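Two complexes are shown next, each including chain A; its partner changes from chain B in the first to chain C in the second.
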Partner chain A sequence: MRRLRILVAGAIALLHTFSGSAQAALTIEITQGVEGALPIAIVPFAWEGVGTLPEDVSAIVAADLRRSGRFAPLPESDLLARPHEGSQVNFRDWRALGVNNLLIGRVRAMGPNTFVVQFQLFDVFKGAQLAGYSIPTERADLRRTAHHVSDLVYETLTGQRGAFNTRIAYVVALGADAPAGTRYQLQVADADGFAQQTILRSAQPLMSPSWSPDGARLAYVSFENGKPEIFVQDVASGQRESISAYPGINGAPAWSPDGRSLALTLSIKGNPDIYVLDLASRKLRQLTTSFAIDTEPAWSPDGRRIVFTSDRGGKPQIYQVEAAGGRPTRLTFEGEYNARAEYSADGKSICLVNGQGGRYRIGVLDIETGLLRVLTDGVLDESPSFAPNGSMLLYATRDRGRGLLAAVSVDGRVHQRLIPQAGDVREPAWSPFAQR
Partner chain B sequence: MNMLTKATPFALAALLLAGCGTTGEVDEPAQPTPLEDRSQPAPEAEAAAPGAQAAGTEQGPEFALRALDDPASPLSRRIFYFEFDSSRLNDRERELIIAHGNFLAANPTLTVTLEGHADERGTREYNIGLGERRALSVRQLLLLTGAQAQQIATISYGEEKPAVLGNDEEAWSLNRRVEIIYAGR
Partner chain C sequence: MFAELRKNPRALFYAVLVHVVIVGLLVVSLQWTPQVDAPGQAEPIVQAVAVDEKKVADERKKLAAAEARREAAEERKREQARRAAAEARDKRLAEEQRLKELQAKKVTEERRQQEAERKRLAEQKAEQQRLERLRKEREAEEQRLAALEAERKMAEERRRREEEARRQREEDERALQQQIAEEQQRLEAERQRLAQQTIGQHSALIRQAVSREWLRPTGSPNDLKATFRVRTIPSGDVVMVETVKTSGDSVFDRSAEAAIRRASPLPVARDADSYEAFREFNFEFDPSKG
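== the complex of A and B ==
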């Protein structure tokens, strides 16, 4: 019996090694937090099962909330009591600690691989429960369930939907210190940098990953056949299909919000223009017709407008055009270089790369007022991507020549770095919300 | 065994070259000697009717490509450099490209790929566009010099394949480039 248990534990350890979920592929470091983050007490969840809890659910929740910059979870050593259900809570004690909210819970094993995660969130000043859930889950989904708990806590306390239970895609270049021997990987990880998986490896460049609106597929550019080609790959199964291999550039794929078409860049007529490809019929519609470089299209959330980069005015700037076609209007005027825009979830602003004085930084432009706020302080920051709830921006930056990812809150107050174990990381794309 | 069969045509070509006894290859680098060679089609090719051109295909490219190895020849310079966010060719690069254009015009069986590149500044997809624009400006000049469109393929790698590493102007200036790659080399 004892031997059997050890065997099982061994098998699980092995599984972890292979799936890579035991360790974060990207270590997230908060480089600048917020003053006035809401203090919250998170009591380690009770474990009602045999052996050790496979994932420390409450620790994952605490890390999620801390990372958002909007919460300051109390250090575990400061906790006066460790209640696991509402009847054990003495609100006066928690008020004395100066926290506004208290999260308690338990993880109960229902079978060898099935669990129920229960939690309750309290307002300690009102002495009232704000939320309470019981979530059945499985061993393989425990981390996801923990992120779901974070989402529910975050939404209850801020009124904004949480984006913890999401994923990020990015490109890793390995051996980039020897240009000829560089190898490329397309990777997907949870938004906290864990559960990383390589979904494509190539000896030739990979670029511009873009999530389908349902979060199930990625479009990207691959040079694996000696020329740029756009593929669409199902993330879960790995099945993929080449959907654009015209002569010249096939670049910058961007899904329409209804998932039916891709905006992309083609240079079949001699210079890069924006086209819309209907995925079912494979029919192409040309959207822009300048003699300039038109590229990096992105759809508005309602699918009615498209922003893109164009140097039709001499330097790269952001233009907006009706998705149905029409005359583009210029949106950016500040700085000699504005490129790679993407709409916020409400469609009222765009994030972009702003180049001024030889420095490239991430900014957010209010479309109506034209007001640009520069949020980062790098030299070569690029590829900004909004979190699906619009709270943060993920982008690529450089540190002493090495490519890594960073995130900044849209108010510019919270800064994080996502440091890879190995390689040069670039071109992050934040997934849409998980389907609920 | 495999290697041997592969090596044979090369050995043959070398023998043929020796037989031709072309001279002045070193002294007149810009003047592609293969032109003279190609003007004397091999007898069996002549027998193959209107295939005077085809004769060149058999041994011409091997022979012609030797000119690229001569360090005194402008043809030995096969990387052209650009200014930041520009696809304009300066006089020095134009001169080099014209030499390649003449060479291609004289050797219509040769084909090249123009690889356009950008430095790391700016966004990746815009740089793909910029690399293509640079490759096309080289292509344009090659065509003006007499090269044929079907001899020239272009591809842009943007900033994805830097020639040198580094985050300063020296590295950037070496990465803003078009490389002309001759097929068969």
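== the complex of A and C ==
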């Protein structure tokens, strides 16, 4: 009897064992997540110096990360503690706040104009440091250093290179109602719109700034000589030269990824077509031939394809052509107007201006699927430009008759207007990555 | 008859014994009959016969002579008779003495026999009594033995019954235990089924909870896949997350791990049986199946 009982008990135990092992094999599959911003706590960096901190580094970082749409920095008022060193961090508190990551740091003055920015990035749930840097900098570069910190945090947490420490170029029209008439400026600023500087002033219109792949030069169209002419200017030194002054239209320059050529719009033969200009030899190669207007070329990241706007179908639409030449194919079919295309960093999609029902908005088109996602909600949004990491788009929008710079995350969730610049801002262009 | 005898040899024995006794007794009684000779009856009886004169004279002479001889013979005879009578008297006396003695002896013998008989009877009676006693004793013994036997049988019977009852009890017990075991197995199976059901439900809840917390990295390839082992405590709190199989993309892995930790405490099953499945289990993050 006892033996039977033991046997039964044994059998049950065995069952348990089996089911136990079966249970141990329990696997829950997670196939779907949510699109959302990563919650991060950014503790204001400690200032270890005399007087006030010249730039609020951690605030710049928080703004950068928020603008990217990938992060949701915790409001400063919600911070429970303000540690500046890893030893002061109590991960439990931060977990309770539901943030995934924590950024702490300090700015230490080493001399009157020299500083060291130190920071540590933690995975709150793991309780582990993900990154820690100590970056020496100077007063004039503090903002840039802050953007650099943003880049490091961004890259650590998203796996993609940050594009905060980049620059934007745009055209500002000033004094439209002034007696002297409208004046034009070509400006360059940090990617967040701060630290703008004017690199060219003109009484005549300036158009279509385009960054060289090394981010050192800008090509643009200037009417300073009474007709459209393409110049290339070194941003740092201000040195410039005219590289295209053919009869008729000289417009919409676009650098090839290798920096050796410019695609541009010329109307040498009377009708605007896309040409490729070899910068070294100044030789021209006609890429498109049509009786319609072909303009606004842009290179794919691998340099093998070019998209452009053409009204050969009756209305402006986007076409793609082999950079070596060939028969263009139409990419856009949605809306009566698609223009101003630019490839994303991976070359799989293009941003563009999509016009439907009299409204012009910024969209992203998946080249392979043809799926168009409209990201903005303006009336006359124009000149979209991808951040070099493809995470965001910069564009110009209009508010009360005035052009403003705005940014939208590539998933369309985060919209932000950059700090208002004086004047009517147009045609922003996002620079490539800074040379590392 | 033989069969009878064979069946009952004692009867034969008794029969023989009786005959022997009778014959014995006869012999003894014959020996006991006194051997007496009747006195005076020894003379032969003279026969009277008729004869002639001369012959009678001759015969008388002869008779005289014969008479004389006969007288003489008679005399002798008388003498002889006297002697014989004396002898006979002596003899008789002796005989009488002997008879007396015999009588006395006989009386003695009779007495002795009587005594013996009495004694024998007494002995017989005693024997009978003894036998009777023995018989009674035997009977008593037999009764006692019978009683003992009965008792033994009763004890035996009782033991048998007890044994039977015990066996029955054991049988019942075994059957009961088997029933219990079967019931337990059934319950166990049912419990497991319910546990599986509960595990399924809670797996779904956990899947939802973690999916809600999973901030998928924007722009990461869709074919990334990572597996994690988690350990929980019964409250559902995740106490350990371990990468079993990395996606090769640290950001993806971290987003998944963060999702698990953000979802903590996980909605694990509360009952002990089902909870076991959630003590340690795996998460597989595979957006390609989404």
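Basically, the second predicted complex is superposed on the first by the 394 of 436 C-alpha atoms of A that agree within 3 Å, B and C clash if a C-alpha of one lies under 4 Å from a C-alpha of the other, contacts with A are read in each partner's own complex, and residues count from 1 in each chain.
Please note the rule applied: contacts are C-beta pairs under 8 Å (C-beta built on N, C-alpha and C of every residue); 3 or more make two chains touch, one makes a residue touch a chain.
Quick caveat, the model's predicted, so the values are computed rather than measured.
Chemist: With both complexes overlaid on chain A, does A:383 touch chain B (first), chain C (second), both or neither?
Modeler: A:383 sits against chain B, while chain C stays out of touch.
Chemist: When the two structures are overlaid on chain A, which partner does A:309 contact: first (chain B), second (chain C), both, or neither?
Modeler: first
Chemist: In the superposed arrangement, does A:32 touch chain B (first), chain C (second), both or neither?
Modeler: second
Chemist: Counting only touches as set out at the top, which of chain B and chain C does A:286 meet: first, second, both, neither?
Modeler: Neither partner.
Chemist: Touch test for A:158: chain B only (first), chain C only (second), both, or neither?
Modeler: In the superposed model, A:158 contacts chain C only, not chain B.
Chemist: Touch check for A:90: first (chain B), second (chain C), both, or neither?
Modeler: Neither partner.
Chemist: Determine, under the contact definition given at the top, whether A:123 touches first (chain B), second (chain C), both, or neither.
Modeler: After superposing on A, A:123 lies in contact with chain C but is clear of chain B.
Chemist: Under the touch definition given earlier, write down the residues of chain A that touch chain B in their complex.
Modeler: Where chain A meets chain B, its residues are 176-177, 179, 182, 205, 207-208, 223, 226-228, 248-249, 251-252, 265, 267, 270-272, 293, 295-296, 309, 311, 315-316, 337, 339-340, 353, 355, 358, 360, 379-380, 382-383, 398, 401, 426-427.
Chemist: How about chain A: which of its residues touch chain C in the complex?
Modeler: These residues of chain A touch chain C: 1, 4-5, 8, 11-12, 15, 19-20, 23-38, 69-70, 95, 98, 100, 123, 125-126, 157-160, 390-391, 410-411.
Chemist: Using the touch rule from the top, collect the residues of chain C that touch chain A in their complex.
Modeler: Contact set of chain C toward chain A: 170, 173-174, 177-178, 181, 184-185, 188, 192, 195, 199, 203, 206-207, 210-220, 227, 241, 249-252, 254-259, 261-262, 276-278, 280-290.
Chemist: In the complex, go through chain B and note every residue touching chain A.
Modeler: Chain B reaches chain A through residues 85, 120-126, 128-130, 132-133, 136, 154-158, 160-167.
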